[in-house]
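Next come two complexes, and both contain chain A; in the first it sits with chain B, in the second with chain C.
Up next is the complex of A and B:
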């Protein structure tokens, strides 16, 4: 372990489900404070890669390192307490608990705070994510958008050093996306590293300074958003499949999520 | 930042006061009624202890055990062995409780390797194994049972009063423990795990640890109930105390009362006891009516009777949640309460 070890490192990580390869010897380093966007067609392995990093899935081979230390054999709970926070594409709210309680668990267990400090952090996170008016509502009464916000709020309340966002902007309107981008910008400014998987590329490019394109379990492009979106390999992947349409930089009149099929192939993986 | 967080929307002081009053009234009962009433109540308390603990296990930790009678028997035989060695049976109750919690730790390492229905069967197998081991020891009475020494010197009325108070103490401790546990961070963990275990892990909750703690506590409670059984019956028989029938009672009471609430098992126990007492002489009709009640509750009140009542009237006697008050609200003010209703 060197002092300059990256916050997160993937060392030749492979993951297969039967014959389906979702990660093929992937290596990656993310430094503290980095903001990395991740795009790729449905079924490319983005969500699976998130789960390998967060500990919901174990890789078949390879290591996941946090601060240069292998965490591959730690479970999701332990990795959360070490500073990996994540959201899920399909929200995993605690339905019978209120919004406040959902976030409070994360502040207690993820951030390891005692009663008073946990309550203060919870209220601060609810304010930041605009959920405070819904604080006392049971999560199962929330609409999808509010549940997506709750995913973000809960992840933030674990006080992550690395925040992994899985399609938090999908289905949001432009003003909502701008608000979300504002929240994530603020999180970044506090020094939190972000890895953000998103089909709504216009949301990504406002925040990230590095973009990775994942297809068929491989990184096919890695660089600045402009470079990656202009790369022939990426254009080939997006034009070659009818799943995502061509991602465009900047705020388009309507996002490409309108052209996405309703079922998302990598949501279950 | 003005943050006011309380444990329920409305203060629950009155239900706390009412509980204290009920407790005092129950305490004074041996002076007021005949021993047949108190010995009936001892059985009711034992059942309520068991149902409350089963509810913690199944309703909160998702551990559907049909083997809690293992600890019931272990608690009873712990009291027997201690009494055979000269310990006062009443003083043996806390020892039995502690011993069951300790014994549950290695057992949990075994049964926690199993999931869902396999866990249920596994716990049952453990209870059967406990029984088979127990009957092999002649000093424990083997298969015919053993009577409890050490209480012969007591006047029967005094003994029954002490038995009653011991049962009341175990019950009060059980209910208080369940309430405090559910109000604690562990209670928050358990609800999160019950709703979404993967999500709970992702925010740092440790499901295995939380479930293990609940399993140990439930074993301790069952051990206390077992200790009360041998003291109230003055003898113990392995086939009876390790019987799976106990699990059937616990499950019936918790399910008709309402799994996942503290109030549910209380209501369920009272209902079950009323049915049992009023139908006792009707033989087979008793089982038919009890079965019909279970079917009707499952069909029309799937969250149990208390679940139906609390949904209807938004009522919680023992609040375990949190309530974030709007900024600048006065506690319990009429205007604030009206404003709170807005959402």
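Up next is the complex of A and C:
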């Protein structure tokens, strides 16, 4: 369904902070419209990998390619305008601006829209993410759920072709997670590729058709969610580091047993 | 009546201080940079104004049309070429770099314009005044400067809250990295903020030159007054900066009324008192 070059490609990307290796020669291809879940213990390098892709961090070696073109030397705003959108694990709203303005800035610059069109997109995104009632509140007055939604809304307003979600479901209740999954499902159906890092694995399985496990800066497993969660290497990583926070295979049928490691909520890199 | 006069003159002088301070406040509010060369750039603007006024034989007010836009360009370039690089190293580096800029500017001006003091010929503006009572008169020039300060601060506030670019500036001030992933070119936005700040510095420098004589070393004291106005008003709040300038001006004028040598010291004392009692300033806020 796509021309030769994948939407996103990582070519032997490595990132180190001093002696800590957060990405060790990672290669990856994501096609337009793909939905990829990413799991891994805290500190595995998931958020850092997102930052390398979004342009918040530069890799030590390797290239990030978008549509086959290297974007490694472009800054985050240029990559955003080329279609990479992301959320942050800890919401980073513009606290002194209203919810509406938070999203409007992204619609103007990220999506490159003129005033009228940017406002229309902002309203549409606020409706989609359920934030419309809060449109005129300053972002710093929002609760966690609303701030998580605002992260998603701001990313959507940049009209991404690749949306990277960093633990948008963490800390939410089950009904909230279900509602969020609905929004992401709808985004996916519009052809937006999604890479979703999440500890709440049951939120992932409804949306993704490919799962990658990242540990110690390496991809230790990559395949369908069932394959990956059944993989001995993945089970060992989860048992070894989170003593029992293992996402179970077959969780989809059994519902709410999904793996949320005990150290949930803590920074993953 | 002399006291009332002191208050009125202090308020008007406060306009000048606010004009000085708003550029400092904006740069700090948006990119957390304290520009230690702020006062020296103001003095440079006064020298440029002098060159324009004497060279082109235009009045002081017209010279602002040449100097302020030029300074906006200078501001953008200084930000992109000098301050941005140091900002990417560490916040402390920006202090060292702007301090270095200050030293370079002072010495370059000393070389170029000698140590003699100059003042800007402000023509009829300097002489004219509205005489309200025998003891209370308001100079045309100080009234224009005060009005300019209010207009600058009101327009800046409107620009930041309503304009597209203003919104980007606020977003960047809140979280530059997040603004970047929302598509904002942070370096350009910083450049624009610096351009605005430098244009206001130019206005402040020209106003200062019309008020009193200046020499290449005059910038340091201007910087201190601007600092005090920003801190008294509350860092990052433009309304606070206007208020801070007025409080500083009134304190100095009242102090000078007590004893002619006490004016500047009175300003410093009020500044210290605000720091001690309300360290966040009278109207604390962010660039909003």
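Keep this in mind: the second predicted complex is superposed on the first by the 243 of 269 C-alpha atoms of A that agree within 3 Å, B and C clash if a C-alpha of one lies under 4 Å from a C-alpha of the other, contacts with A are read in each partner's own complex, and residues count from 1 in each chain.
In this section, a residue touches a chain if its C-beta (ideal position, glycine included) is under 8 Å from a C-beta of that chain, and two chains touch if they have at least 3 such contacts.
If you're wondering where the values come from, they're calculated on a predicted model, not measured in any experiment.
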Original post:
Should the superposition on chain A be reported as showing a clash between chain B and chain C, or a fit?
Top reply: clash
Original post:
So, A:120: does it touch chain B (first), chain C (second), both, or neither?
Top reply: first
Original post:
Does chain B (first) or chain C (second) touch A:109, or do both, or does neither?
Top reply: both
**OP:** Using the superposition on chain A described above, determine whether A:135 touches chain B (first), chain C (second), both, or neither.
**Re:** first
**OP:** Using the superposition on chain A described above, determine whether A:219 touches chain B (first), chain C (second), both, or neither.
**Re:** neither
**OP:** Kindly classify A:100 by the partners it touches after superposition: chain B alone (first), chain C alone (second), both, or neither?
**Re:** first
**OP:** Considering only the touch criterion stated at the top, classify A:238 as touching first (chain B), second (chain C), both, or neither.
**Re:** neither
**OP:** For A:196, decide between first (touching chain B), second (touching chain C), both and neither.
**Re:** neither
Subject >> Overlap of chain C and chain B interfaces on chain A (superposed complexes) >> reply: 54-56, 75-77, 80-81, 85-86, 88, 92-97, 101-102, 104-106, 108-112, 154-155, 157-158
Subject >> List of chain B residues in touch with chain A within their complex >> reply: 1, 3, 5, 9, 185, 188-189, 191-192, 194-196, 198-207, 321-324, 343
Original post:
Which residues of chain A touch chain B in the complex?
Top reply: 54-56, 75-77, 80-81, 85-86, 88, 92-98, 100-102, 104-106, 108-112, 119-120, 123-124, 126, 132-137, 154-155, 157-158
Subject >> Contact footprint of chain A on chain C as seen in their complex >> reply: 164, 167-168, 170-171, 173-175, 177-187, 286-288
Subject >> chain C-facing residues of chain A, complex >> reply: 54-56, 75-78, 80-81, 85-86, 88, 92-97, 101-102, 104-106, 108-112, 115, 154-155, 157-158
